[in-house]
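A short write-up of the structure that comes next.
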Amino acid sequence: MKTTAILLLSCPDQKGIVAAISNFIFQHTGNILYAAQHTAQPENILFMRIEWDLDNFSIPRNEIRQAFIPLAERFKMKWAIRFSDYVPKVAVFVSSHIHCFHDLILRHRMGEFQAEIPLVISNHNDLKPIAEQYSLNFMHFPITPETKKKQEEKEIEELIKHNIDLVVLARYMRILSGNIVNLYKNRIINIHHSFLPAFAGGRPYQHAYERGVKIIGATSHYVTEDLDEGPIIAQDIIQITHRDSVEDMVLKGKDIERTVLAKAVRLHLANKILVYGSKTIVFD
Amino acid sequence: MKTTAILLLSCPDQKGIVAAISNFIFQHTGNILYAAQHTAQPENILFMRIEWDLDNFSIPRNEIRQAFIPLAERFKMKWAIRFSDYVPKVAVFVSSHIHCFHDLILRHRMGEFQAEIPLVISNHNDLKPIAEQYSLNFMHFPITPETKKKQEEKEIEELIKHNIDLVVLARYMRILSGNIVNLYKNRIINIHHSFLPAFAGGRPYQHAYERGVKIIGATSHYVTEDLDEGPIIAQDIIQITHRDSVEDMVLKGKDIERTVLAKAVRLHLANKILVYGSKTIVFD
Amino acid sequence: MKTTAILLLSCPDQKGIVAAISNFIFQHTGNILYAAQHTAQPENILFMRIEWDLDNFSIPRNEIRQAFIPLAERFKMKWAIRFSDYVPKVAVFVSSHIHCFHDLILRHRMGEFQAEIPLVISNHNDLKPIAEQYSLNFMHFPITPETKKKQEEKEIEELIKHNIDLVVLARYMRILSGNIVNLYKNRIINIHHSFLPAFAGGRPYQHAYERGVKIIGATSHYVTEDLDEGPIIAQDIIQITHRDSVEDMVLKGKDIERTVLAKAVRLHLANKILVYGSKTIVFD
Amino acid sequence: MKTTAILLLSCPDQKGIVAAISNFIFQHTGNILYAAQHTAQPENILFMRIEWDLDNFSIPRNEIRQAFIPLAERFKMKWAIRFSDYVPKVAVFVSSHIHCFHDLILRHRMGEFQAEIPLVISNHNDLKPIAEQYSLNFMHFPITPETKKKQEEKEIEELIKHNIDLVVLARYMRILSGNIVNLYKNRIINIHHSFLPAFAGGRPYQHAYERGVKIIGATSHYVTEDLDEGPIIAQDIIQITHRDSVEDMVLKGKDIERTVLAKAVRLHLANKILVYGSKTIVFD
């Protein structure tokens, strides 16, 4: 695996941006491995992800950001540069549902995610034995309406202490307050067990059953302060029939909850998602 | 193709129903070709579809209904008997969208539906040439808020005059009033261009675009007086990405609108749907 | 959960079979909960699965088989009766691939399968630590061409000793010889990582890549002596693109391998599969 | 709709290609609207599709090709330039199956394809009335083993006379000989009614039925001299069950045959496909 630099940017579209960026890379002897762009209309905003080989790149790695600033300012970019060998730190929040948590850990072990998981946080103790079976650092923060503020402050302390880059809510089943959400804007991924915007809020399978739908779904999204309203990253569905009880839906839904959450985490960790308002640009 | 009788029924579940019905058929030397049942819980209501060969069946066809009454009363059934060689009469309501209409006609021609289409009704004249190209009886009932009541009365007259069994709204884009809906209860099929209950009402693709969903869908359902709330028959979705504009969604959506509507019409014409409250039992 | 009896049968189709069976159940005060049938054409063979509540059933459980024999003989049935509270014993054969094994164990723990897993057999030691983490009985039978016969004999001994009902090859990656296959006819489930019959044999993702297909798949099937030719139970696919390398396919394929294998195991354990020649009847 | 130029190219990958091309466009005041690239490994060949606005582009349209030659030679490119306002001419070959033909014509009428259809060729007369209903130029070339060579020569004459850019085999059901195939290399699209490479050749639904698969599929591909071996453009499948007869498969298959063929035609007409050996790069 080559070490690469990944430039993520958005800016008002105009002539010459691609040329300017590709020249910047070429003049410093970088080889572009992957480039994707998208122009959102009617706003005319360009989104771009460009990845190049750092071998023989003439700018030392720790000076690339500085070197890119003039170009970024010329085109009024919002931008970030990431390096492919950086190992992000992920905190997983769980409740008492095991399937998404277990699935993430399994994928992590099989090498699907380039990440470390220094922290598992839960408001229950149910998954502690499993977390410890995997030698994970499990922290229990029981939350009641009275203790919520205080407990979330402690959680934030832990997130900061462990340099957490991404928070994954693996069926955490609790609403995070604004403090955490704002601190980790576009860095908290949730899995909701319905095809949003249908059946937002609690007990979506129950509501799907009552409505008599023929599909059920799952949606992974970034968390905002508005419940189940954040930018959607991935969605999938499965067909059901009149024979499926709520319990059957819960069972079948687990499979897509797992894959849809895993897909979102994988895309995020690979720096393939740009957020734009309430939407995502996914350069898959 | 054998001629068959199809019994559709629902009743409170209890011991002996299947035995009683299969005895009824066997004692009159009928051969069961297909049987399916479902018990809705917690209501404990049995739904059943049973189809048998009429060859050598000892009860004359026009006496079967009468002969079945004692059994039906014993188990407090809601029931209907259909015959496989009956050719239902379908009225298609269209507006100016061509794709669902064209698709239905093509399928009809290819023999996918056992039905006659004695009537095409529209509030526009746009599809008249196409309907006539297919030698269909196209009737134009322009509708304004002022004329709606009167025009619908005329439409009802035509539906009755042509002995219409099923009304298909092939992107009709207008709300039918209660008179028609009640007259054709569970016999009007609509196609809505979203995965209901998400994006009910107008302009679903626009709303899907604004929400930034990663799937779009289509839903066929029976029409009730509550817009887009009727019992769902079939649903399907396709994946989209940030690259898809509203126009792209409209284009891609057409494919699933066509197949989802056609599936519902095919199931209805084959007497494979039972309606239960706001839901359908589909014995596919 | 009610305790039920499940009758699985096949026989030449003729009039009165459904009536005879439903009478048998009704006369002994059983309540039919679920019934499904299928007639294979042109062979005219009836397949049936019928499930009834054992509460108040007037035949004692251990006499039901005996009581059913006259009926079975009258209609020349191949048949079996199962009881829903029986807990089947499953042996899982693994190699060094972790994902299917891990997934099965997770599902088992979450209660998706009603089964015990008294035995994990492998030709490698790689998964031993994981099996033991789950407190599973892991047995290592390294196999070379020279030792194959002998080792398989020992495996058979273990299968018999543990009263194994079902063998699951969770990416076992080795061909079982006829001895095991015949002993466990229609009771060994394999997962093959392609949409059979395409890419049978080794390295299917490599061959899929070389052919440039736009979908990859997975197939669960009963094992016969002809490699990858056994009756198919379930299949699924995912879309891929030119961007997917063989490694990407391996990664993406894991998700469907897991779900397709789990589906087959779930259906088998729920006594919902009948095998007919090289095909399966799945009463899902 | 803006008029754009579309550059399709492949060449050995090396540093500076993207920069060189984007500079070429920028220096002549073109605005890149869309760019996509892919590097095939291990061959290290770059594939690229880049589209830019021709408004204000400083090179006159008819001189762009000439102007690009030095760059193309420097990087040893295989390349083509297309213009978005060019309307390709499509010949549709049909046999007696109506569904794909009808579907293409419907889509064409609804504006899904930017193309003209000056020619419909068939070895049967069955679809003549429908073609003429749509005012299409239908030509009948009955083919026997004896007349094949001569008739195909006449067909080629017609293709050339009408400046045909793309040949679509809408279930033509006959093998074209090398003369046509080579003349229209990577410009003949066929629809095969299976998920290739499974069930290549004749009667795929029959073979699918016999094998007992749980999915059936359709594949659109460019035609080469090796039957059903050409580069695959698009594939899709649907789930089936043991209840589906061969006739049911034929019926269900029609839906995916139509969409998979239409997708391939749409991608080709939009200049989004590059062929590489036996594979396609699809910049969708």
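We call the chains A, B, C and D, going by the order they appear; numbering starts again at 1 in every chain.
Here is the rule we use: contacts are C-beta pairs under 8 Å (C-beta built on N, C-alpha and C of every residue); 3 or more make two chains touch, one makes a residue touch a chain.
Keep in mind that this is a model prediction, so the values were computed, not measured.
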Higher-contact pair (C-beta pairs counted), B-D versus A-D: A-D
Same-residue or different-residue interface between chain C and chain D, half as cut-off: same
Geometric centre distance via CA averages, chain D-chain A, whole Å: 37
Distance between the centres, which are taken as Cα means, of chain D and chain C, whole angstrom: 42
Complex contact set, residues of chain A against chain B: 38, 40-41, 195-199, 210-215, 217, 231-237, 239, 241-243, 245, 277-282, 284
Partner chain B, residues of chain D touching it in the complex: 98-99, 102-103, 106, 109-110, 112, 133, 251, 254-255, 259
Parts of chain D lying in touch with chain A, wherever the complex brings them together: 13-20, 22-23, 25-27, 29-37, 39
